[in-house]
Structures are given as structure tokens and as C-alpha cells.
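Letters A, B, C and D mark the chains as written, and numbering starts fresh at 1 in each.
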Amino acid sequence: MPALPLDEAGKYVAGAYVVFVALILIYVAIMAAKLQRIERELRDLAGIAERRGETDD
Amino acid sequence: MRINLRTLSIASVVMIAASLALVFFYAPLDADQGFIQKIFYLHVPLAIVALSGFVIGGLHAIRHLHTGDRLHDARSYVSIHLSVIFGVGVLLTGAIWAKASWGKWWVWDEPTLVSFLIVFLLYATYYPFRYAIEDPERQARYASVFAITAGAFVPLNFLAVRLAENLVHPRVLATAEGGMPAKMWLTFLVSISGMALLWATLVRFELTAKSASAQLARLRRALEPGRPERRAPVPARAAPTIAGGAE
Amino acid sequence: MSAATPAETPFREAFLAILAKDLRSELRTLRSLPAMALFAITAFVIFRFGLDRTKLSGSLAAGVLLATLLFAAILGINRIFVAEREEGGFDAIRLAPIDRTALLGAKISALLVYLLALELVAVPAFAIFFLDSAAPLAPLAIVLLLADIGLAATGALISSMAVNSRARDLLVPLVLLPLVVPLMIAAAGAAEPLLEAGGPGYERFGTWLAVLGLYDLIFLLVGYAAFDFLLED
Amino acid sequence: MPKSTDDAAILLDELRRDYGERTALAGVGLELAKGLTLSVLGPNGAGKTTLLRILATLLRPTTGQATVLGCELPREAWRLRGRIGYLGHEALLYRDLSGRENLRFAARLHGIEAGHAERRIGDLIGRVAMERHADRRVDELSAGMRQRLAICRCVLHEPELLLLDEPAAHLDPEGRALAEPLIGSGEGRTRVVVSHDAAAALRDGERLLALDHGGAVAFEGATSSISAEALTAVYAGALS
């Protein structure tokens, strides 16, 4: 198979690298959603801890 | 596993940047494949790292069964999880490479890629398998047995698929087996190191996230003892009413 | 210490007890075997019309036969541990002074008996439906026996785990199918020349038998090593 | 940590078992001498069955010490198997086999020589008055009959320690009377009996372990040191 001309080949190579970057970005997005959930829970718990501190005094 | 997450992150960024620079500005054009061959530096490291990750998942699973320490199960799970994600990348970049080289998105006579598909299909069942088992301790043990079984499967599968090929088609990586120029080798080695570092970083990242969730659940239990836990199969009962009443 | 530790029941005795129990149960209730055989015959009929062929040979014959046997086998594999799970057999066996591997060994053997019984019906039916001569059947039996051992080993291992999950009937085919791909590759590789229209050929027969044997060995060993952990709680 | 003595059948120290996030047993400690009966009392979900399953080597403790008949669990569990008679909620009988076939199977697993096993099985079936039903398939039998067979299975191999989870369940008065000589407190048997009935627990056992929700110990000691009224009062709200 003869090598593809550069402009043709470039599309495929770019495609492959875009796939790789996209995959990592999707992963980051999923982890970001998880982080947000953790943050929400933490805020919730911090509120509980604070309220408890007030009633104990 | 002792290097901290920050160092690991920086190292993988540096290594991947270096590998990209080498791939596009240093490595020579391949005589047969031309520019298309650049996919090699992405596809092959992804595949090797994913397969190594599966094997590492199996090794952690052995340690888990050996010691009974659930930490090893978490490591096994995260290793397999990231290798599955890398596996998606392997199949997609493999398809693109096949299209560029042969004009078809999928070819059945490339044994390495076909083997990888089968391995990927097996590991994709790890999730439904794992989450179908309710008791967390048993889940961890069964998942470890799965990881070990699948780990033994990987080489056997490569052997069988390789033998099934009548070796009519020359392999794409023939250049890699024959005399690959030193510049290509260097680029390849840097690429694979970068990919391995990326994998390790993400494993650490995911483990840290898992641990954070677990600590959070612990905190919630400590702060709200009476509240039913979300993931517990049986809700915890109300506080004891009869403790100390036995006088 | 007053009482001495009672001797462990010999492996052979425990193995035979469990195997005999399983076979007696199956003979009495016929829960798995008729369903497996019926499934196989019906699948042949479906292939007859799906492929629109009245004669099969070579790779097509090997594929139809092996795929049918595999899917029929899954029916039996699904059920092999159900009695232990639902009727307390796991507990009873774990309370006894036996090597737990005897349970796995007995289940693998019981599955092997089921598979051989299935093939005793399905393979002659396949030959009558689709083949011109019975010549390939003898060498085919060797291939099927080796494939059955591997299928029984992986099947028993996966089934023992699936039976303790929420999705028993789903997990066995889901996990087992990719796991037996190498087994199918090797069995099909050996069976294809055997079933050629011009009479059985033996191209790379030895290589494929070696792969089958290797597969059997590896998964028997994995089962042996891992099974104890599956019974703990 | 208490030291193991020769006449202690069971020695527990800070025994704990978690199922994931949920605690089933939270630090149980006790000692039971050979020849005595320990009654275990508690509301549903207090870890009674969990305790019994740990003692039977069916479940691993999460933390803490458990020594049963001189074997440390779970490390020496293999030495203990075959010396315990366990009667759980489930009869542990195969429904497609007859009672006699089930007992023969159990005897083979326990390595009992065939001739001896046949005599022992015949004797036991007679003692629970199941001669007429022993050759019927278990799925044709009533719950009470299954329980009688389960009792036979439990004592078939002449265990040194009986672990009984509500042994009277499903049994009519006749069945209870027949079961008593086999699994009752006579003949110096060492027993752990899980019960729902406070009065029966006090009557049957020398020692009492009362568990609370979440597997906490509410009372542990000699049955003579607590009156039925006090115990009933303690459990009035919790027991159904």
C-alpha cells in the first residue's frame, strides 16, 4: 500500500490524537462531576457541624 | 505507589509533551506508511499500557486475596477501570489507523487488534459482574477472582488469535520487529513512558477520589449517626433504647 | 484438649458424594439435560433456514455446531450451583471436614457429564441433518472432549460466582462468552478441516489440540487456586 | 485478653463483624465452659445469626478473637469442621432428594463409614418418628418434618458443640418432645441456642447473652443473675 499523501494522512493522524484528547477530557469531566458531588456533601456536613457547635454552647 | 500525585502529574505532562514533540518534529517519516505511521506512537503505547494495566490489576487481586486487605482490591479495580478507558482509545485509534492503511474501519486479519478487542470485551464485563454482587466484602473477593482469571486469559487469547491467522497479511508493525531506526525507537520509548506515567497518574487520581468519598461517608456517619446510610443494604436502626437497662 | 481432630474426609469420597448427589438429582428431575438437547436441535433447525442450507461443511459446519453447543451448554452452566445456593448446600459442604476443591471438582465433572450427554444427542443429529458422512465424528469427539473440559472448568468457576449475585442468569453468558473465545477459536480451527466436504483433513490438528489442552490446564489451575476464596464469607 | 483454658468450649473477646458499613456484631466477649448451654437473645437484626455463623466457621469475624473448642478462628477453622452441629434457619436439605438420601450425603461428607452411617441414620429417623416419610422427597414434606430431618443432619456426626438457631421453629409439641433428647441440654452437651423467647432462654441456659440492635451486648452473664421480669422488661419494646 503506497503511503497516503500528507494532507490525507494528516486528517487521520489528527483524528487519532483528537480521539485520545477527547477521551481524557471526558474522563476529566466525569471526575469533575464527582468532585462537585463531594464538594456538595462537604458543604452539607460543614453546615451540620456548625449547627451542632451552636446548640452545644 | 509512593510518589505523590503532584510529582506524578508533572512528570506525565512533561513526558507526554516531550513525546508529542518527538513524534512530530524529530522522528523520521516511515518509508512504507509515511505520515500515517505517527499513529503508531499513540496506538501502540496505549495498547501496551492498557494490557499491562490489566495484568497489574490481576497482581493487585492476588495480593488482595493473599492479605485480605481491601486496599488492594481498590487498586485492582482502578487499574482495570483505567485500562478499560485506555482500551477504548486503543480500539478507536486502531480503527482510524486501519481506515488510513487499508481503507476499512475494521480488519479481522490483524491479530493483535482482534485479540485486543476480545480482551476488551471480557474486561468490559467486569463492571456488571462486580456490581451484581451486593455484599461489599464478597464483591471484592469475587472481583479479584475475576481479575486473576481474566489476567490468565490475556496471553492465552493472544496465542489463540495469533494461531488463527494464517499469516497471509504482513503485520503492520513489521517495521517495529525489523530494523526500526534509532530515532523511531527513542520516540517510541518516550511515548510509552509518557503513556505509562499518565496511566499511573490517573490511577492515583482515581484512588484519591475514591478515598475522599469513603472518608466523606465516614464523616457523615460520625456527624449523623441516626440517619439511614444511603448505600447500606439494610438501614441502620434507631439508637439503642435498652442499653444499660439490664440492672 | 479432650477430643482429637477428626480426620478430614478423603478428597475422593467427598468428590464422589457430591457428584453422585448432583447426577441423582438431575436424573430424577431432568431440569437441565432435556432443555439443553432440545435447544440444540431447535437451533440446528433455525440455522437450516437462517442460512438456507441443507448441507454444511468446513468452517460453516464447525461454526454452527460449536456455537450451538456453547449456547446449549450455558443453559446447564447457569443451573449447576443453583441447588447449593438455594437449598443450603454451600453451608452444608462448608461445615463438613472436606477439601472444598472437591466441590469444584465435582461440579466440573457434573458439567462434563452434561456436556457429553448433550453431544451424544446433538452431534449425531447434526450429522444426520447436515453432513454427508459420519467419518469426521471420531476425531471430532477428541476435539469436543477437550473443549468440554475447558468449558466445564470456566463455566463452573463463573457459575459459582454468578449464583451469589443479583443477576445470576445474565452474568454467566455475559462473562463466559468472551472467556471462551480462545476455546472456540481452537475448537473451530481443529474442526474446520475435519468437516470439509471432501472428507476429514488434519491440518494443524495437533497445534489446535495443544491450545485446547493448554486452555483446559490453565483454567483448571485458576479454579483450583481461586475456589477456596469464593466459599469464604 | 483472657487465656484459653481446657474446659472452655467458647472464648470470645471483642468479637466484631461488619457487613460493609453496617455493624452486625459490635464487640462481643464471653466464655462458655464445656457442658453448658449459652442462650442468645435479641431482637431481629441484633446479630444473633451472625454470631452463630461465626462460631460455625461459616463467617469470618472482622476483628476480635474467637476460640472454639481450642481452635482459633478463622485461622484454625479447618480443625473445627466436622466437630460442630449447626442447625440454622435453613434446613440445609436438597429438595429433590429424600430425607434419607440427604442424610446419607451428609454422612459421606463427614467421612462416616457406610455401614455405620446406615445404622445411625435409621436410628435417628426412628427417634424423630420420621420412618414413614424418610423416603419421600424433601419438597413434599412440611416445614415441621424438614426441621426434624435437619435436626438429624445436625447431630448425625455426633458433634461436640451444637449451634442451634431457634431449634423449635416449625416444630409442634410432639416434635419438640422428640427433639429434646437429641439436641436438648441433657448428656452434658455444649450448646449455643438462639431464641426469641426470654423465658425459654432463661430456663434452657446456664449463661445468657442478650444482644441489642447493631450487635451491642445488652447483657452477658449467668442466667441466675437476672430475673425473667427484668429481662422481659428490657426486651418488651424490642421483641416482636
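Please note the rule applied: a contact is a pair of C-beta atoms (placed from the backbone, for glycine too) under 8 Å apart; a residue touches a chain by one contact, two chains touch by 3 or more.
Computed from a prediction, not measured in an experiment: that's the story for all the values here.
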item	value
Chain pair, C-D or A-B, that carries the greater number of C-beta contacts	C-D
Gap in Å, rounded to a whole number, between the CA centres of chain C and chain A	44
Separation of chain A from chain D, taking each centre as the mean of its C-alpha atoms, in whole Å	53
Centroid distance [mean C-alpha coordinates] between chain D and chain C, Å	38
Intercentroid distance (Cα basis), chain B paired with chain A, Å	17
Numbers and ranges of chain C residues touching at least 2 other chains	232-233
Contacts with two or more other chains, residues of chain B listed in rising order	137
Which pairs of chains touch, using the document's own definition	A-B, B-C, B-D, C-D
Chain C to chain D touching residues, read off their complex	1-3, 5-10, 13-14, 16-18, 21, 24-25, 28-29, 83, 87-89, 91-98, 232-233
Of chain B, residues touching chain A in the complex	30, 32-36, 38-39, 42-43, 46, 85, 88-89, 92-93, 96-97, 99-102, 202, 205-206, 209, 212-213, 216, 219-220, 223-224
Chain B - residues contacting chain C, complex	65, 118, 121-122, 125, 128-129, 132-134, 137-138, 141-142, 144-146, 148-150, 152-153, 156-157, 159-161, 163-164
Contact set on chain B toward chain D in their complex	135-137, 217, 221, 229, 231-234, 236-238, 240-243, 245-247
Residues on chain D engaged by chain C in the complex (per definition of touch)	6, 34, 53, 56-60, 69-70, 78-79, 81-84, 86, 88, 90-97, 101, 105-106, 108-111, 153, 157, 160
